[in-house]
Amino acid sequence: MADNLLSLMTFFPLLGILILLFLPRDNGGLLKGVTLAVSLITFAISLPLAFDNVFTTSGGMHYREFYQWINIGDFFQMNYNIGVDGISLWLVMLTTFITPITILSTWDAVEKNIKGFMAMLLLLETGMLGAFISLDLFLFYIFWELMLIPMYFLIGIWGGKNRIYAAVKFFIYTAVGSLLMLVAIIFVYYFAQQSGALTNGFGIQELYKLDLPYNAQFWLFLAFGFSFAIKVPMFPLHTWLPDAHTEAPTAGSVILAAVLLKMGTYGYVRFAMPMFPDALPTFIPFLAFLSVVGIIYGSLVAMMQDDIKKLVAYSSVAHLGFVMLGVFAMNLQGLAGGMIQMINHGISTGALFLIVGFLYERRHTRLITEFGGVATKMPIFATIFMIVTFSSIGLPGTNGFVGEFLALMGAFQSGLRWYAVFATTGVILAAVYMLWVYQRVMFGKVTNPENENLKDLSAREIAIMLPLLLFIFWIGIAPNTFFSKMNPAMELMLEQMGADKVAVVEMHQPADGHAAGHTNGHADTNADHQ
Amino acid sequence: MEVILFYLTAIVAIMSAIFVTQCRNPVNSALNLITVFLCLAVYYVMLESPFMAAIQIMVYAGAIVVLIVFVIMLLNLGLAVKERYTHGMAGSGVLAAIVLFVANYFIRYGEATGTGGSVTSEVVASYGHTELIGRAMFVDFLLPFEIASILLLVAIVGAVIISKREV
Amino acid sequence: MYSNLWLIPFFPLIGSIINGLFGKKIKNEAVIGGIATGLMFLSFLVAAQNFFKLLGDKEKVHELVIASWMSVGNFQLNWELLLDPLSAVMIMVVTGVGTLIHLYSIGYMHGDESFYRFFSYLNLFAFAMLMLVLGGNALVMFIGWEGVGLCSYLLIGYYYEKKSASTAANKAFIVNRVGDFGFLCGLFVLFWALAEKGVWTLNFVEIAESGHLLESGGLLITVVTLCFFLGATGKSAQIPLFTWLPDAMEGPTPVSALIHAATMVTAGVYMIGRMNGLFAMAPATMMTIAIVGGLTAFFAATIGLAQNDIKRVLAYSTVSQLGYMFLAMGVGAFSAGIFHLMTHAFFKACLFLGSGSVIHGLHHAYHHAHLHDDPQDMRNMGGIRKKMPITFITFLVSTIAISGIPFFSGFFSKDEILWWSFGSTRGHCLLWVLGAAAAGMTAFYMFRLVFMTFFGEQKTDARAKDHIPESPFTITIPLMVLGFLALIGGYIGVPKILGGANRFHAFLAPVFEHAQHANEIHAHGSHATEYTLMAISVAIAIIGIFTAWVMYVKNPELPGKFVARFAGAHRVIFNKWYIDELYDFVFVNPCKKIGTFLWRGVDVKIVDGVVNGCAWVVKGIGSGLRYTQSGYLYNYAMIMVVGVVLIVGFFVF
Amino acid sequence: MITVNHYLLLSAILFAIGTFGVLTRKNAIVIFMCIEVMLNSVNLTFIALSRHVGNMDGQIFVFFVMTVAAAEAAVGLALMIAFFRNKESIDTDDFNMLKW
């Protein structure tokens, strides 16, 4: 059992799909119940991971499984090579945690073809879990593409009015990135074979050890980075996100925000950055710049939205900017901030999409102007929305703060000081757009007669939100639960990324970085003082 | 003798082929097609492949053309001939000429390599053509043979499905 | 030894949770109010116990680590509390005034629909404020710092059905966020600067110990302290971020008293006091603080001259008084600043509660008479002193205290500030002039307020004026206690020159003295100068009071003439120097425009334009090429043959 | 003496005629027959060369071509019947639904 825990967890949802196939198509309750049960069992299977203390002591890969899969002699090998470490651990947990919640949230929302919908959700879960645990580059690519398909159908079949456009846009955007990545993967493999370094398929731990020439790293990082940047999404490759989010059904939006976007950031941490450490110093200023632009841009655009869902979508762009900035800081604080912010974003933004979903189910509109004074009609909803809003704003004591704070602190300590200053303005802007929308939706008098009969949250809806609220406070107050298991893995990863090669200001030594050109002014003045 | 037979048969084959392409009535085309097949069977015999000749007559002249004629009769096409039954004569003629030219060039300047294989006239005479074919087919080409049988099965099923009324 | 310190913030938190979750079920106002007030009082008792223990203790700095919070590599952060004289004073003020205001709220909020919500918020606020003052490292302090901002937001927007209330709440939070931006930047830069020296810490004690590693007066320390000061201006409503405080008066009056007068807004002052070691090392920042403080004191006082809303006058008065405190901090009179913070907490809380009592009475009267007049407009008041004698007396005492009349609490603290601003090594006589002028105006507008409200004819609508009752005892008891404190609170800090021992100063000395000595900050000058300055400031105050008496009691028509004479100046002052409009013009509207432009312009037109443009090009090519698909068999056959010929031909030739 | 080239030339002529027929005729069944002519010309080539090089493989190939031709005849004619049923015609000019 424990030997194959990860495989069991990953493929259990597929088993669920198999069960669904044999159930009658008309019995919606049964279908939903079975799906929920399957996702809950998946969660239960994954639980031992969260309680395993091996992660606190060792940063390497655990729960390894290795089987040969496609083996054409020396020409082509790929293996079923999976494992989990402190970095992927919480993302895996987030996935198994969020999926039952989304399934529960669609209880009344989906009417047509429930069977297909549920099957897609489960397929998506398998894809996401597989991508997080793959240690073989090619296997990763397969799962990466596998995620794309159910999401495409979720948007395209169960989406809103403009769903076809959104689904195609989402698909093509992502596919373009994926193809670039595929080319890069093939090239890496080719190169590894040439150098004779590869004995183990596309195993990333061996690819880490490849010493590619700078030129190759440059182009490969570009290809990988581009692909992941689309998924993150980083400015200016973000425009699929608002459309996809707006048109997707609530469950789709939640999973898209909570997990799928993390694929991009995770890809940077796991693949792009450690595999091509020499190219990093060249790209980091540029990427950090885009992250900061994303933060400010996303916030400003979010401010002016009239559709709540779009607002949340743009706020995602800003939040993920913090993640990326933290990751690019290339030090432990920044990386920890980035990683925890991924989880946070999954929880907070997922919760926000659920909240928008609640409103949408009641009123079938998402326009802010249609609402107003909802707080008087739905006090419990108002409270929950308020907590989530402040979590999204990053109020200390909630999860958002821990992530933003550490990410920014990391950035301040690295060569990204000036970027961090601008990124910090995002803290103000986040308050502006979130509070403004909260005011317009919840406060004031009920002006629209259609809002008179709004019902407060049902027990099911409260049950959906409670676990999320729990984690909002848990991460905010005792993040060490998470950090203690992430730290060893992050230290290893930073070593692999060659954190010392990048112009990071280490203790006792002032910045000398060539790459950190922008920061020189600041660092020099500091050096003068010494 | 052999030369005369070759040229005579060639003339018949070519003429019949032209009739196949030019006859107004499809039934006539079909009949001419049989002639072409028979001529080719003659050549197969001349090439010391009597089994292939037999197959040629049975499968092509026997089965396929019968099928074609059947369909023609079934659809009653013999009477439903339109005013214009051809098109693009000039262009197609030029194209066919070019094809011929290319093929001719190919034959003239090409070189058939690998001559002198194990299957000589003596071998054929001593073993018999049928046995040779059988050996090759059921020993060396067993798998393709089986696949071909499946192909035929699929084709039969497909034909039945397609020609069903509902489609 | 001080291990029960954590109980101080814990009690209100419990209260908040109980009332927040179960208040709706409890329903009984007495129970809800009792829980909130009782827990607050318990917290006060624990605070008092710790305070007196600290008084008798030789060791003045105590830290209590509760648990680890974040631990990432070298960065180790704990949930930790810090008790030293400074935080001891603050917890006494917060819990003491807090308890009184809780008690007051039971009476004031009587009959409110969501009574429990109010008390839940109020307790939550007390928790956050106590975390702020007790926080042992900058981040725990920041929790409190943002937490009070959150509660301020919730309480200002308490009447959320009113658009103006929710807008004011948003404004308060967002403007505070601007300050928080500064706070965070300061924190980051400080942490980085210290980490470079090998000290990875945010702990206040350790920061104070290793502050000397940074170069005194250097750029880095100036940047750090200026960033922190930006944070302080946001929280404490100083120029340029003061605009939110007057709007914050949309909240219920006890909120204004607790949050926007006594406690939260003084957080900035407290923070500077907490980091006095760093600030003392940055003379440029100190000067900035002093100038900003002085100017705020002055400008806010001018705006206060012309307001008619009773709470707004008090709000501007608060801004002005906070300016005083910053002036004190800026000139290095840290203990004087904290002293004024404390006395101000007493008399300003009393004033707000008194005004609340008046509003409550008027509201009651209007309600009785079915009128909808504004119960906060002073032009509808007058002559109330006979109706509400207790309110009147306590109000008058506090007004005298704020005006700086000798032997009331405000006199001692304000005078010490003025003296330091003149005589300190970091002071300047112009700062004194600003302060003194503001003091005169304060005396004027505060007495204008008293005269308009309590003296003269009753201008309240005739139908309502006989129904103004004195407030119930839950309201008057806090008033009396606070009035008493406003009267005598100054005696713990009587300066040496007046024969006192200035025990307050001595008590805080362990916190401030080191930095003052190390950076040569002290007030110098002869006793004669000090006496003279004292006399001048008292004279100015009396002139202010007299002017108010002349204008609002003796010749009530005088103000009208005055306004007519200086119409332009009055309009500017009445409209608060058009600062709000200026900010709208400079920040808010451009932000909105940029946002719209980025969305409609960049996002939709440029980025999506490129994306859809690619799709459009592909589509165009496709729709051109599709005509090659004629659908005719022979066309395809022809093309195929041509292709075969070409390919074979290519290989043949 | 008849060499292999004679056979090849003859098969080329037959192939060209078949091609010509495919391109010019409108009647689908006649086109089909022309294709059979082309296939047979190829068969002839195979057998001729098989003899020439002394190897049975070419003849086996012919066998498979015949198999395919038979399958094609079955399916192709079924298609024509189906088409005729819908369009009352097997004229290729009417086969133009698969366009833009």
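Every chain is named by a letter (A, B, C and D) in the order it is written, and numbering of its residues begins at 1.
Just so it is clear, contacts are C-beta pairs under 8 Å (C-beta built on N, C-alpha and C of every residue); 3 or more make two chains touch, one makes a residue touch a chain.
Note that this is a predicted model, so its numbers are computed, not measured.
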### Query
Most central chain by CA mean?
A
### Query
Measuring from the mean C-alpha position of chain C to the mean C-alpha position of chain D, what distance in angstrom results?
93
### Message
Counting only Cα atoms for the centres, state how far chain B is from chain C in Å.
### Response
99
#### Entry: Whole-Å gap separating chain A and chain C, where each centre is the average of the chain's CA atoms
37
### Centre-of-Cα separation between chain D and chain B, whole angstrom
7
### Query
On chain D, where are the residues touching two or more other chains?
19, 23, 93
### Query
Residues of chain B touching 2+ other chains?
87-88, 91-92, 95, 99
### Message
Quick check: what residues of chain C touch more than one other chain, meaning two or more?
### Response
634, 638, 641
### Query
What are the touching chain pairs in this one?
A-C, B-C, B-D, C-D
### Query
chain C touches which residues of chain B in the complex?
87-88, 91-92, 95, 98-99, 102, 105-106, 109
#### Entry: Complex interface listing, chain C residues touching chain B
634, 638, 641-642, 645, 648-649, 652-653
### Query
Contact residues on chain C for chain A in the complex?
67-75, 139, 142-143, 145-147, 150, 153, 157, 160-163, 165-167, 169-170, 173-174, 177-178, 180-181, 184-185, 188-189, 191-193, 195-196, 198, 200, 215, 218-220, 591-592, 594-596, 598-599, 602-603, 607-608, 611, 615
## Note on the structure
Listed in rising order, chain D residues that touch chain C in their complex are 19, 22-23, 28, 31, 92-93, 95-100
### Task
Over in the complex, which chain C residues touch chain D? Could you list them?
626-627, 629-634, 637-638, 641
